[in-house]
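The same chain A turns up in both complexes below, where it pairs with chain B and then with chain C.
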Partner chain A sequence: MLGVGFGLALLWVGELEGFAAGGIFFLHVPIALTAYAMLGWGAWKALRLLWTGEERYDLESYTAIHIGVIFALLTLVTGSIWARAEWLVWWDWRDRQLVAFLILFLFYSAYFMLRYSLEPGSGRMRISAVYALFGAVLIPMSFLAVRLADQFLHRTPLIRRGTPDIEGSVLAVFGVCLAGMLALAAAMYAVELAGKRLDLRLREAHA
Partner chain B sequence: MTYLRDAAALARKDLLLELRGRETVPAMVLFVVAVFVAFRFALPQEQEAAAQGLLWVAIVLTALLGLIRAFVPEREQGVLDALVLAPCDRSAIWLGKALAVLAFLLVAEAAAVPLFGLFFTEVTAATVGAILLANVGLCAVGTLLAAMAVAGRAREVLLPLLFLPLSIPVVIGGVGATVSADPARYLGFLALYDAIFAILAWATFEYVVTE
Partner chain C sequence: MSYTWAAYLVVLVAVVAWVGIIALKLQRLDRELRELEHK
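What follows is the complex of A and B.
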């Protein structure tokens, strides 16, 4: 699906007027949205852990956040490439959307530091879950802070009100790219989770 | 009422310990003054706007210094488990600790803000309002994170890593309220941050301290 999406995107890139870096739009934005989806999924699993006390949610939350952080790092990299193509610099502090993503990346990187400094057990599960919930709240708060800062350099045609900035067909290609990226993240999540569960079972059997 | 009495008793205990030991507040005051002096030489001449931003960095770092010591007495005496087992709502522990840290921070700022006006530029009423609002959010979030960090290894290293990303929206709101001609929306943002994160910290503290 990703291949089809990017193939179609390459055909359309030349027709995207006003995008100096049209191609990266189909990569950067789906990656960013996928990162949010995975981090949100991790927070949901953390909430389920605190709500029900079922330990399986800990591994699911951790795995989702791990995948989310990988996609967050990719967002920073592709955002930097976009900045280079659009504004001829690799990093611009006035681009506060990317800065907000950097804040989230720092926050979730600390999640791993926290997790690995705690002894395995129910305490670690609960503390990690609470921290993940804070991340879910930090996402909209960072967005709000960015909006308050009132400087948008990124083009945000999908959420801009008024005259549509992109055609419906381009939106459809974007939708295919986003679906492909989400499917890739879901596959990575399933594989990593299966591996971690197997590893856990082996450790328990060995003990 | 019992809930508030429990929280007040814990806060009073921390304040009494500080009055006797004087370990945290003098360190916070000296730290923030030292930061101002270092900033004065780090800044180019006549950079008032940059100095306004540095005030907020100094406040966040000073709050961090107070938070690092927030659970040290309990850890050294091994009484955190006893507190958790006490017949009171566990979130009252969070509230009492947050109130104590807030009191320490207010004392440090009472010395720091006039000094900032003396060293750099005048402090407006909007800035003072923003500082008071920011204090609530920093102490509410920071106290919960300090309880998390104290449970892990390398506590002193861990807390800054956990705390600084969460304090960045406070810095944005604070700097906005300080430099903007229309500080109301930034003050509103800080109040929103306080309300959301204080409720979240209050609701989740129990999960952090129970085994």
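What follows is the complex of A and C.
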């Protein structure tokens, strides 16, 4: 699905009108939305852990955040490449969305430092879950803050005063790319989670 | 190379790297599982 989406994006739509290197739109925006989705999923699993106390949610939350951080890093890298083409700079500290997303990325990167600085057990599970839930506050803040504030550099062609700013066919191709990216993240989540569960069982068997 | 292709290449490299790391990890787990079965 992702291959079809990118194929349509690059060969049929080409570069998005009014943007330098507009083809990155079909890559950067789906990756960013997938990062939000995976970090949000991780926070939801953390909430489920605190709510029910079931240990399996700890591994699910950790895996979702891991995949989310990978996608967040790719968002920053692809965004930086796009910024170089569009604004002639790799990064601009004055732009709120860039800084908000960087804070989100750093916050969830620190999740791993916190997790591995604690002894495995129920205490680590709960502290990690609370931290992941705190981070969830940053997700809507990062997503909405700039849309509500005045535009500076970072443009939002999908949502401008409530209506999409791009053609229907382009929006359809974008939808395929987004669905493909979400499917890729879901597949990565499932594979990584299966691996981590197997690893955990083997460690328990060895112990 | 255009900036667009550079961005797609970066993501492709990242996904391939992730697949490689996971494949190595699953291979290790499979080996450990076999060793455990033999004991």
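Just a few scattered comments:
One rule holds in what follows: the second predicted complex is superposed on the first by the 189 of 207 C-alpha atoms of A that agree within 3 Å, B and C clash if a C-alpha of one lies under 4 Å from a C-alpha of the other, contacts with A are read in each partner's own complex, and residues count from 1 in each chain.
Here is the rule we use: a residue touches a chain if its C-beta (ideal position, glycine included) is under 8 Å from a C-beta of that chain, and two chains touch if they have at least 3 such contacts.
No experiment lies behind these values; they were computed from the predicted model shown.
In the superposed model, A:V130 makes contact with chain B only, not with chain C.
Looking at the shared chain after the overlay, A:T78 reaches chain C, while chain B stays out of its contact range. By the touch criterion stated above, A:S142 is placed in contact with chain B alone, chain C being left untouched.
Within the superposed three-chain model, A:A110 lies in touch with chain B and out of touch with chain C [touch as defined at top].
Of the two partner chains placed around the shared chain by superposition, neither chain B nor chain C is touched by A:A207. By the document's definition of touching, of the two partners only chain C reaches A:D199; chain B does not. In the superposition on chain A, no contact is made by A:L88 with either chain B or chain C. No residue of chain A lies at the contact with chain B in one complex and also at the contact with chain C in the other. Every residue of chain B that touches chain A in the complex is listed here, in rising order: 141, 144, 148-149, 151-154, 158, 161-162, 164-166, 168-169, 172-173, 176, 185-186, 189, 192-193, 196-197, 200, 204, 207-208, 210-211. Put simply, chain A touches chain C in their complex at residues 6, 10, 15, 20-24, 27-28, 31, 70, 74, 77-78, 81-82, 84-85, 184, 188, 191-192, 195, 198-199, 202, 205-206. Note for the complex: chain A touches chain B at residues 50, 103-104, 106-107, 109-110, 113-114, 117-118, 121-123, 126-127, 129-131, 133-134, 137-138, 141-142, 144-145, 148-149. Taken together, the chain C residues at the contact with chain A in this complex read 2-4, 6-8, 10-11, 14-15, 18, 22, 25-26, 29, 32-33, 36.
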